[in-house]
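Got a structure for you, questions after.
As written, the chain order gives the labels A, B, C and D, with residue 1 at the start of each chain.
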């Protein structure tokens, strides 16, 4: 296990400490255990709060999207495991500005049950919540069971849009509706080339032969649709893009946002190869890319691989993506 | 059984239960993300620590409440949240009772399983912990003789684990494996079975005296 | 060789194509071979132009720092090899706004000789140039031979400061003096945990045992000071930071900027562990971190490892770092 | 030797020279970044292609100029830039001459080495290509008999390569290795030796006729 770490059990607390030391003007920690981070000016009075959360090991997800025009708070779990309902409640109370709180996070059982427990407790505190789940990974379930899909990098679009809506003063129901609208029109699929090693167990998250890739992999190394021989960048882009286009039902005349996301170890150069082919394919179909993002947005520690996300755009959705935002990891000006 | 006796019995059980952590972790590695072993060992330790803090006059409901809270926060995960919710739901049927009898245990078991079913939107046959829990609760209800009750529950849970092996996972991480989940044994159901077996092994007369 | 690529020989041209497709509003290509990129509004009349360049495989270095308040143009070589003097000249002509052009790039023989050839040719075209070399890697030469050190991630500080100076209208000599001042007060050192595989040769850039790290590694996998057993994050941060502090001769009362840079495959979480310890060490010495950067600023394809750079600050230097900048990979607002 | 004859001789030499690419790449891997093999093979091909485009009446200076340009751009690197600059400097001493003699070759060799020394801020003893080039230029100057001249240059270059092996690299990538460079053979100096040997092998009477 070749990692730049100290005691594996301290991994999460220490990197959270590092984030706090680096960005004191943008973030502050809530509670003794510092597993809850909120934007430095939280709570923003009269504004809908947005709380996200989930396991660690995915930076910049989730902690990276706390800031102006994005989420207000995050509850931080151990590597690949949920935060507790108590931590989620703490985040909820810290960001509530009186307009209610949206829970916006990925569809994973552990997270769902813990956020759900927090809903009841928040109600007792008089805080109204709504929940929207990221569930954009088309490889995890067929379209008929889209509600059961897991959430991966595409949740970024929902953070951006819902965060912008909350910032301009939309109500809780409106912000939730916008998040839901974005999620429904977002599809993601990824490929994995090499596994992640969990700091605590030292075990790889999966095994792959030297010439293999896992198509449709999840951001915890969950198996995808099938395991095949490693393909070229163009072939991978074609397979992923075609699948996303079909799933979203988009065609000539549509406009989209595209996110090419690195899973951790894959160089930015390779992400641009994927973007290039994706751009060419969509252009050939008459689908315009009105907004693009290329880089690491949701990782899986040092996993090699990448995912492509597509969001079907409307003028409203595009305006929300274009709205200003600022966090330690993301800026839109 | 009063609150103190219940607390001791749980502590005895949870001292043995983590011996199954590796097995459960491996099963979860095959079908999920492999963290169930950690959930079980950290959870058991957290519960024991919490129970040691309780005053001996605590009521059974208070004992279970302390367990639920400790288990929920030790290693938050699907199993931790579902089990914590199930313990809360089960203990609610006991109200303020100073002591519990077989009938109350039966009601607890059913309420616990139903809580998971409701929260998890899952039924028997979805290849989850419920495939072991519901049959065990049923077996308890049908067995009157004190000595045989636990054996009957264990046997029912074991049947549930084995039967569900050939099913396709319909809930949680394992469901993403779709038909590749068939033939693999559900870690959650297995955990429930191992818990009952640990209870039996640690609370037979010769060991129950340990405090 | 597990990479998301097409034909290895097309690697550079294709990812440059991807960058151009993704950022048409910010960058444009010059010349038939598209190995020269300049900011979309180049040349900026009356402004000093800044041209950088070097081998590929280091994204966001070098192409990533072309934009407002940064460099004006870049000449792009093959993976780990210099651009040609003809390409450098092309970049020079494309960014010259009449105020002369600063060549600001890393101290590598191939680059130096090609930039030097371009100087003569630019002179024939009537374009005045000045040269400042990034040479911040303290592991590459002892302090007495600091002029011969190689350039690594710390050049980022020089881009930022010289770019800001050029943007506000400083003369060529002033911009060059600022770049030189920054370089003289910047020190960097890195560790490597695993090698890079070159797309064309398929060979690893170096070999390391499972429990080894290379201390003082260069961004092409050049050997460092010594090879040792893999240390903890805290130990690595201590070794690097102490060395940098000594080299810069800083002490209590000084203010610095810190850059913790990932070499490619190392997760952001681990970079924050390094930042954390660096922050603690400097704080304990009474040295204040007035500005910090944590992320990937100069990589070596999929090499695992990280570097730490420290720049001694003055008010002037800090103001230049704080000035606005915008490129596809870096934004300061 | 007129321009056309020079061009043919260079092409002959460069057809053989890339056979040493792997050796040079390996030496550069040990002491630098391993790209010298690529520089040599891409460079040789680019020069041959460029010479094939030249009109047969081109002057020697024009032939060398074409070589310099092609070699500089084929795989830009330290060696490519230094050699291109050296060729330009060397050819400058020939001016407009239609044909070159031994004396002019001697001057070319010295001017070329001095160009690298100046551009590279390097001297004999720094463990670079100059450790082979200067001795070879010297040997040419000291050897009058036509047939022996190339042999004398080769012998001098070879001595330079061997002697410099025990030195510490003072220039370029290899210098970062500091004392770990001692004992390793300089790839640039070796390349120069191999170039001379290729010239000899490909331009002896029996092969020189190849066009």
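Here is the rule we use: contacts are C-beta pairs under 8 Å (C-beta built on N, C-alpha and C of every residue); 3 or more make two chains touch, one makes a residue touch a chain.
All figures in this text were calculated on a predicted structure; none of them were measured in a lab.
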item: Remotest chain, chain D as reference, centres from CA atoms; value: B
item: Approximate Å spacing (C-alpha centroids) for the pair chain B, chain C; value: 56
item: Centre distance in Å when chain A and chain C are each reduced to the mean of their C-alpha atoms; value: 29
item: Chain C and chain D, separation of their C-alpha mean positions in angstrom; value: 33
item: Shared-contact residues (touching 2 or more other chains) in chain D; value: none
item: Category of the chain touch graph - line, ring, star, complete, other; value: line
item: Pairs of chains in contact (touch as defined earlier), listed by label; value: A-B, A-C, C-D
item: Residues on chain C engaged by chain D in the complex (per definition of touch); value: 77-78, 80-86, 108-110, 113-114, 116-117, 140-141, 148, 150, 200-201, 203, 205, 218, 220-223
item: Of all residues in chain D, those that touch chain C in their complex; value: 33-35, 38, 72-73, 75-78, 80-82, 84-85, 119-120, 171-173, 175-178, 180
item: Chain A - residues contacting chain C, complex; value: 2-6, 11, 14-15, 17-19, 21-22, 56-57, 59-60, 191, 193-194, 210, 230, 232-234, 236, 264-276, 279-280, 292, 294, 296, 299, 301-302, 304-306, 326, 331, 333
